[in-house]
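Think of it as A, B and C in the order they're written, each chain with its own count starting at 1.
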Amino acid sequence: MTLADLDIGWGWTLAIKTVIVMGLIPAGALVLGYTFLLKMMSHMQSRLGPMDPGGFHGWFQLIGDGIKFMQKEDIIPAGADKRVFKMAPAVVVLSTFLMFVVLPGGPDFVVANLDVGVFYALAVSSLSVIGVLMAGWASSNKYALLGSLRAAAQLIAYELPLVLAVIGVVIQAGTMNLHGIVMQQADGEIFGWGGLGNPFILTQFVGFALFMVAAQAELSQPPFDMPVAESELVAGYMVEYTGFRFLFFFIGEFGTAFVYAGLAATLFLGGWSVPFIDADDDIMNFLGPGVLFVKIMLVAFLMFWARFTYPRLREDQLQALAWKWLIPISLVNILATGALKVAF
Amino acid sequence: MTLGTRPAGFDVDPSLYRHLADAQVNVELDTGDMILNLGPQHPATHGTLRLVVRLDGERVVASDVVIGYMHRGYEKLTEFRTYPQITTLINRIDWLSSFANEVPFIHAAEQLMGVEAPPRALYIRTVLTELSRIATFVLFLGEMGLQVGAITPAFYGFRDREYVLNAIEAATGGRFHPNFNRIGGILTDLPWGWIAETRESMRKILKSCDDFEDLVVANPIFQQRTRSIGIIPAELGAAYGVSGSNLRASGVDWDLRRDGKPYLAYNDLDWKVWTHPDGDSFARYWVRLQETRESARMVLQLLDNLPAGPVMAKVPRIIKVPEGEVWVNTENPLGEMGYYVVSKGATGPFRVKIRTASLSNVSIAPWLLRGVYVPDVITVLASLYFILGDIDK
Amino acid sequence: MVMDAASKQVKGMLGGLGVTLKTMFRPAVTVQYPHEKEAPAPRARGVIALLEENCTVCMLCARSCPDWCIYIEGHKEKRPPRREGGRERTVSVLDRFDIDYALCMYCGICVEVCPFDALHWSPEYEYSEPSIANLLHDMEKLGEWEATVPDPEPLEQGAEVKGKK
């Protein structure tokens, strides 16, 4: 059952899909932010985190923060390039929304089932670099400039391991279509036993590790958070942004984490499929999003766990890691995957 | 701009060919220098320190330290106050290790008076000094991790500091500013149960040091950020007046508790001075970690051997310190702190000169910061560990 | 040797993760003020209380305060002689005894120098005010704090002096 069956015309379909995407991004950002940033980080640091807002363990904290940001004064620095300054957060968040378009939540529960889904997702994810550069330059602030230049170098450098890691998955699945990749994992067999399907993390563990490291860098999270180094640049390229413009960046950051975790779950953990239920069943349109959500939380747990534990790499060490280690390892991974795919 | 090799007799004006720069392999890009103000308000400067750096891209070409934003006029304040009042004020010079600030001053007054504190008072003073050393260092272990980018160790640092601060509060009444030393001894004795509780706190501190070792010291990213960064050569450090753990991390085996004039109860203890040969930021972190453990062990020894007796010597009610001058310096957590007290026989000193460790420690910063990257500026400043109240007095 | 260095790095990375995971499962150390409150130590220097009947207006506390935050005014009164035919006694009576807690450094010198045991420390700390002028506690308010002064506690073994405070 897809929206096409409902026969409501392309205008309404488009409207419904837009609303879903635009609503799910902030919702995902909120859930991720609350669970991991507010609660998991706090407990890892021997404290409780917000407890009062909303009564039960402070669940209202982030929503309250959002309302607070909305009602703040809109301050733009005097020397800033106003048009570019205003557009920058939108560009950053734009790439998140566009990535979300191909993420499947069920056999038919996807906004657009593109044949080049993986290619499109990775291509569109690099749009955020432009937004970061715009933000840093338009802020007329030396700290912001430093931060955005670091960010540009870092984000471009880590695009390559990200893409190369995913190529291994594409070779193994034989398709770039995300729906196809999930079906391959759901219907696959481990040495002849089909009970659990064949999540690609088992064979593509190197690719998974590379993807996680590269995603961490793409999200500017520690250990790769030179662009927003808290103790040096105090939010780097975002330093002049306040109020709802900063809210955009915040939603962008956690929304993108949500989407990258979703991509990792889809490519490596089997997406919305569950072991013992037939993947093509209509019931998966309802169960699928929930299953995907659980997997997203698992992947996000790993991302945020590393975020709160490690210090940050210096800019040149970061670049050395990408160019001298991650890219060669990913190339070897592609070689091995290709060879094994032909052999078996 | 060089154009590489060119045929003999081929003289060329380089500016005509600037547009070919991309085709060249070895081209010096002429970028202008940027002056960045790590201003008085900045999360990485430990207070109101201003660092003006000239950057070439991300490299520091030159830097300058501007201090004085927190000058409170301590030496002038001491001219018009009595000894007990000054003891209260000097707690606030280095506010993290507040008890240790009082010790050299009271010692100076006691030397001028010819009074010696009874052994129990000396032991309790040593315990509280070592507790303040642990409090300062445990905070350093946490917040250097924060400056390098790991947000979690900072919270562990503050959590562990609470154990020590609660112990100091139970004994003296004040968490940060004990004001417990008096000429001739200490104010009063310890409350019932304090020794057992402090023993328990020391065990927690020792376990927490192991956590810091696993979380920070053993972390390859931390080591990459701090090894070979900000190396202080031993002779240069000594020439600049750098003292304390910074000098010991450059391999200099010098500790005023053991090598200076004997004070407090250090001679009765079995303890070790920790040094590290490298002199980089990692060495400074490592030395302070070991010294924290050593201080916890020293406190346990002191508590085991605490002598019984009075805590105050026989001193008159209104204390007038006889005429004279004396210089006393001690091994404070941040380095060497000293007081030169000039007394003219009144209830308060005539002049007090305060030598603080952080002023000398931060004076080496411009030399250290030549040619490092901007992130390394933060690492170096964090590893020197100065407190603005200590610099500016 | 390369494997040695590599394994040390891997162990270093995993060790840190272990510490944070371990701490996540231990109870947090947060005390949720104002719902829960930690009891400060009995000796904690929270606020100074005045026992008016002991005060003889000797002004030692006001003189020894480093901040000069104690304001005292008093006058002398004549009292009847203790027995027949004796001299009339003069007694100092307090008119005004204010401590300005906006200036007070909580050093305790005033409590220490009082020869007549009229000033005491109390561990009460919840007296912050929206207006700074209300931080000047007058004689009446200082007398109210007396109820919160804890009893002198026993000292550690080995102490010679019986604990006064």
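Heads up, the rule we're going with is that a contact is a pair of C-beta atoms (placed from the backbone, for glycine too) under 8 Å apart; a residue touches a chain by one contact, two chains touch by 3 or more.
This one's a predicted model, so the numbers in the text were calculated from it and none came from an experiment.
Chemist: Chains shared as neighbours by chain A and chain B?
Modeler: C
Chemist: If you tally contacting C-beta pairs, which pair wins, B-C or A-C?
Modeler: The comparison resolves to B-C.
Chemist: Report the inter-centroid distance (CA atoms only) between chain A and chain B in whole Å.
Modeler: 42
Chemist: Could you state the distance in Å from the CA-based centre of chain B to that of chain C?
Modeler: The mean C-alpha positions of chain B and chain C differ by 29 Å.
Chemist: Just curious, how far off is chain C from chain A if you go by their C-alpha centres, in Å?
Modeler: Their C-alpha centroids are separated by 53 Å.
Chemist: Of all residues in chain A, which are in touch with two or more distinct other chains?
Modeler: Answer for chain A, listing residues that touch two or more other chains: 44-47, 308-310.
Chemist: Touching at least two other chains at once: which residues of chain C meet that condition?
Modeler: Where chain C meets two or more other chains at a single residue, that happens at 13, 16, 19-20, 23, 29.
Chemist: Which chain B residues touch at least two other chains?
Modeler: Residues 152, 156, 159, 215-216, 219, 221 of chain B touch two or more partner chains.
Chemist: In their complex, what parts of chain C are in touch with chain A?
Modeler: Its residues touching chain A are 13, 16-17, 19-21, 23-26, 28-30, 32.
Chemist: Quick check: in the complex, which residue numbers of chain B touch chain A?
Modeler: Contact set of chain B toward chain A: 34, 36, 42-44, 58, 145-152, 155-156, 159, 215-216, 219, 221-222, 224-225, 373-378.
Chemist: Could you pull out which chain C residues touch chain B in their complex?
Modeler: Listed in rising order, the residues of chain C that touch chain B are 8-9, 11-13, 15-16, 18-20, 23, 29, 40-45, 64, 66, 105-109, 112, 121, 153-161, 163-165.
Chemist: For chain A, which residues are in contact with chain B within the complex?
Modeler: Result: residues 41, 44-47, 142-143, 146, 150, 222-223, 225-226, 229-232, 234, 308-317 of chain A touch chain B.
Chemist: Within the complex, which stretch of chain B touches chain C?
Modeler: 81-82, 84-85, 88-89, 120, 152, 156, 159, 162, 166, 169-174, 177, 179, 187-195, 211, 214-216, 218-221, 223, 306-312
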